[in-house]
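What follows is a single structure, written as structure tokens, with notes after it.
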């Protein structure tokens, strides 16, 4: 007896995407907003469904596909991220003109790809899900057809993405060559049985590289700033929170359920990667003057923090990973939502456009400040709780130096976050009229604000959730 | 006696050639083609591994099929991207696309 | 007070006020100020109730509250007061209350100002009330950001721009707190390993006997973190610039209370959890303390900006506190806590007076003034009170603190203490020079337009000056709780583990 | 009688209450403030009188003690206590008497001064602190009030804060005292740490049994720092002459009669420590003697009436300290008492002159006052005679006791020195008198006698200056010494030779002064010419102030500037440098992202190669 | 030396050569043609490995569709003179660095492959229905991936149309 209804979310999202696509074709131009509402409602419904049977799980197709609390956790993450971004982009999508509804459907397909990635327990399915997501993002990041930056971003993303997915594939092929199967459980069994082969290690590291591109870990991070700056802001936001989280989800699942069989101790390797990512991301973010680009570098640094959880690979570390990925959604989307609003007002996301915002739009300014500080890990905001988990895990695993680097750098990062706050609070703006926000954007802002503060002041509930999610990998 | 390792080495060689192409060509389309080379290398690996390890199953071929499908999609989107950027810049030279840097 | 969560109410009252203020339209400035005043007054009254209701005979943590917060981290929302935290809680509210009045004349962006100020006050209070490391650190860092915003929005640029000052302050303290946080996490992880269950409760962790090497290492980290906040030489660079750049209220709270969190943490966390480490590191701290006292004191001699003088002098006075903490014994620790209280009130009064003067005259250069006692006798009284307190005159609380510290420290570090005592001469020199330069001398007509303190301006003078005198004339009112608290703490450690003459 | 003793605590507390009430409520009504202040000190005076009667009625050993808990913790206990023994009783009497008279006198002297109310409040708090110091029963309390009287003197010296000179004098006084207190505090800390208590009674019990000179010597010397500062002994004497910037009654009360004598009182009070340490005693004696001579010599050439009196105060204090040093504690206290009377008399009389001359203080601009203001003049003469030690005035007896003590104690050198000082004293006092009061200068035309409220105290003090000596004179069987004496130290019988010698010397001094300044048989100008180097030296007070100023400028100020440079350039520089380094590395790193997508690709593959290398290295090391 | 070894060597040599042609030719059209040859070579390898179905797919999709698409794109963005349409990056550093990197990757992988032990070629199972097995897998265990691929193709088509069609001129 297989619980096919547990596949409901994927199916629902796919159908929703097709439906929205159809809407775009059928509805007249003015009715294209309907696509937005439809997407919102649909996503909300799916999200509710997933949350309702969070704890249910099943294994499908001889282990090829697997629904468990881990999967559900990330499904929730993706769906809520998508929901928030659909909300925040209500004004922004005006720039997409005729192609608005298709934009919604691409977002949905990307979401579907991510859900498949986390659900998959098999290399092939992982690969297909990943490509589904990535190719949607190629299109989405080039979606502002009149904008030179957007097109350039799309092309750059395509080239690097194709290259790294080829690398990933090559690694997969080598792993397959050593194990003779693509199902995680099978690979694990085969590897633990069979003799040690150098080629396996080669495959592993190439897979690390391929996924490292998705999470933009140093040195696979170079694309991030350009794409983040060029892509439409909602896409950037989605890219930064969801695609990264998906990459981490797959990475964690593979590392924890497959690689333990291999003799290579990959923790120090990842530790160095994490340290480099944190350092370079933060340092390079310091001199940025474009807020989107600055957020891109900061997101590199954040990836480094999340990676720390994987390095630690113990309960606290993994809980930190999930916790951080989740709060990162709210904090980062909040930041990007305000950025998008400013961009719609001023036409660009340069720091000057933010100056004096606190007078023209007190609430968004406050939200941006708080979200950025949460990213910096200042209590009592969500980021602090997440970092606490991560670095407790790291220290427990004996990576004291990593904890030092991470915390010092996160304090240095306060500098560039506060620069934005400074511009907003003591800068002077050319125009004085108040920034008007549409209702959905305000909703998104309020949600982000509330979540960021609540998760920081009272992390209990979410940590319980993560507890359930990591129980698969670590007994007790 | 030709073994699996020879096929893998061939795949590796194709892969390396593709990588070099990605580095060295200025024309975006050529870079795309080099990526296709890399994917083909992967396919060679899959099929050969499939043949040598489990001739009575088709997992590797299945993977190869998916790779081909994805590659096709990738190429079409990629070419479309190149065309749209060509419409803006009248160029497909990657060295020209550096509006965003630092 | 069984049942009634008095500490939580005290703690959350200003936050509630802040939330209330968010709802008030920015134009209703009077209403906003009224709310702020009411909330801080409420907290002040409640903390007085706590102060009186605390049972010294029984001692220990009282009026405790605990709510499970994060299960797997063993974090509990736990509040409690003992003899050490009570005076500091009182200090916080005294200064918070007077800070509201000292900034009564804030003209622009009143809403933001008082909102942030209230958050700041609550944050500081929280550190003294929390008995759980996690909650402690939460509040410890909460205060940083409001301060930054207050500085850049309402600060003043004299020698350094307010942006520079604010950023320096913020980043410096945050980097210090990074070391501290690493230390806390190490404690948490090791404590979990030693005790077998995760907990962040300070007293519970005190039960785990950490290995000595670890204690030393972690105590060093804490000395870095807390020491930075306490402006321990040579980590004091943020302090004078920060105070100079900050608006009056922030200088008051920062110099008055915030710094004291460092000393409080070194005693409550460092000493209680890591006695061996404390003993090991103490001599180094003592030497640095000397650096504070003499080095910063002598620098004061050349300062011309009033705020720089007080800033450096507060650095120098923190040296006494550090000396008291470094010579780990009952008397010196009593003295250290007393000194924290006394210096807090004194510095706050000083900054309140300077702020009032600066807001009218727009200069803080000593040489621009002279003979102000002619025009502003009440202000002169405030200045004299603060000045005489800061040079440790008997009859002011500062004398009690310094004297006790000296008695406690002298038996441990003779030479260092003798050198440190020379600080009282240095202090006398620069304080008297300053007072003489500003208040005395011939009347200068260009300052005839200055208004003397009146109405609400008197509140800081009365509240803080009263506290100074009460602490100095009836020292037992404050010293007895401190003594009971420190005694309890040392008893908890056990005499075998620490040095000291007693 | 016990109920009287239980009221003693009121003696210091009443003036404090007066101060508080004036400061908080009454300062708007000056006359009322003055009334309250005088009433308070008057009440204290009556109480002290009763106490003195009680004490001197009974046997010398009687001690009354009470205390309240003030600052207490395990290992440190400072009470606020009352210790009344003959020593205290005398001091109480002296302090309250002089304070009362001075305050009454001030009614006239400070007429119409805008700071009237605050003046009286300061007077009250000074009186309170001084009395608290006197009755202290432990070193902690003593130090507290010791500092408080220092503050009062600071406030009162700087009372006319509009005058820069007054401001600077006040600062100088406070800082100099601080330097003394620095040592004093160290001594107290030593006691606290070594003996674990600060209580006089307990210490007095412990110390004799404690023979470790290595501890006691530093303790004694450090404790002596206090008197050196407070009683303005060399080398910390510089503040007292400048302190004359304050109102003259203040100089009379604080800088002549009471506060400066506190140092001597401290030595007497802590005599049980000093007497254990001969070396310290010798040091004290030498310092005292030197100060006496040194100050007297400066007084010879001063022209400011108040400064002359100030230097004479210095030299008299040196006398007392010397007396303590040679072990003649009784004599020292005796001289303290008498000196309090006649010196305050002198100051108040001088004040009356200054008052009527509208602030003129140069004796060469006075003259012929004797006719204009007889009371002032003759009281002043009485005071001068007393000071010069002309029998049978008070000064004669006490000074004689000191010389006797020095001589009998075997300190012949000091004895000779003391005699010389006696001669000089007589000379400079009458130089002053002949110039200012009987001189032919035309300074004093418009002078007129002061109001009774001022002359009254003068008369009273004159009487006291005459009779006060009797209590200690052999004629009365040395009543004083019977009560105030060091147990075990026998009192030397009066020595007629010494008496006659000293009085003859005094007369000689007067005569010389008469020759030079009245009869002018020798021109002062010629002397000046002949001894000009010595004269210049004296006139510039041996250049001590200049020397200190130079010290301060060269070491303190430049050192401070150097440290400030270090702080700004090194400490701050390190911080800013680190910040700049961080930012610089960021600015450098950003250029790696050069916008060329293919270089990104190169980086990706570079990472792959790196990972491959590490992985293969590990595995090959495993395999091989 | 068996015959199919020889065949393998020839085919692989041919494939590598044409691959090199793709990256080395200065004329983009020539590169495209070389690419087609490479695809065909790979397809022949598939046939040699008994994956005839996959070989066909390879020829149809790659040598057919993808190549034609590519050439269309080339025609659309072609410069007047075909000679210099496919230049290499001018910077020599890129060439050397990139070449070395590519080479080191190849060497590394080669070492990894060389040092690993591999099974020898097993006999071809008789009557093995590749297509049937594939069909079962596609619609069985891998139905999720299959559907995802379907969505992916649709998405790619729509996306390609949107991107290529370009923005509506306001």
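We just call them A, B, C, D and E in the order they show up, numbering each chain from 1.
Here is the rule we use: a contact is a pair of C-beta atoms (placed from the backbone, for glycine too) under 8 Å apart; a residue touches a chain by one contact, two chains touch by 3 or more.
What you are looking at is a predicted structure, and each value in this text was computed from that prediction instead of being measured.
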Shortest chain-hopping distance from subunit B out to subunit C: 2
Shared chain contacts [subunit A and subunit E, defined touch]: B, D
Those chains which touch subunit D and also touch subunit A: B, C, E
Chain whose average C-alpha position is farthest from subunit D's own: E
Chain nearest the global centroid, as defined over all protein CA atoms shown: C
Chain-chain pair with the highest tally of contacting C-beta pairs: B-E
Between subunit C and subunit E, centroid-to-centroid distance (C-alpha), Å: 70
Whole-Å gap separating subunit B and subunit E, where each centre is the average of the chain's CA atoms: 6
Centre-of-Cα separation between subunit D and subunit C, whole angstrom: 36
Distance from subunit E to subunit D - Cα centre to Cα centre, in angstrom: 102
Numbers and ranges of subunit C residues touching at least 2 other chains: 171
Residue numbers of subunit B (touch at least two other chains): 4, 8, 15, 18-19, 22-23, 31-32, 53, 59, 62, 66, 70, 73-74, 77, 81-82, 84, 94-95, 97, 99-101
Sequence positions of subunit D contacting 2 or more other chains: 590, 593, 595, 597-599, 601-602, 605-606, 608, 612, 616, 620, 623
Touching chain combinations (by label order): A-B, A-C, A-D, A-E, B-D, B-E, C-D, D-E
Subunit C to subunit A touching residues, read off their complex: 68-73, 112, 134, 137-142, 144-145, 148-149, 152-153, 163, 167, 170-171, 174-175, 177-178, 181-182, 185-186, 188-189
Of subunit D, residues touching subunit E in the complex: 598-599, 602, 605-606, 608-609, 612-613, 616, 620, 623
In the complex, subunit D residues that touch subunit A: 582-583, 585-587, 589-590, 592-593, 595, 597-601, 603-608, 610-612, 614-616, 618-620, 622-623
Subunit A contact footprint on subunit E (complex, rising order): 108-109, 111-113, 115-117, 140-145, 147-149, 151-152, 154-156, 158-159, 162-163, 166-168
Subunit B contact footprint on subunit A (complex, rising order): 123-124, 127-128, 131, 135, 138-139, 142, 145, 148-149, 151-156, 158-159, 162-163, 166, 169-170, 172-174, 176-177, 180-182, 199, 225-226, 229-230, 293
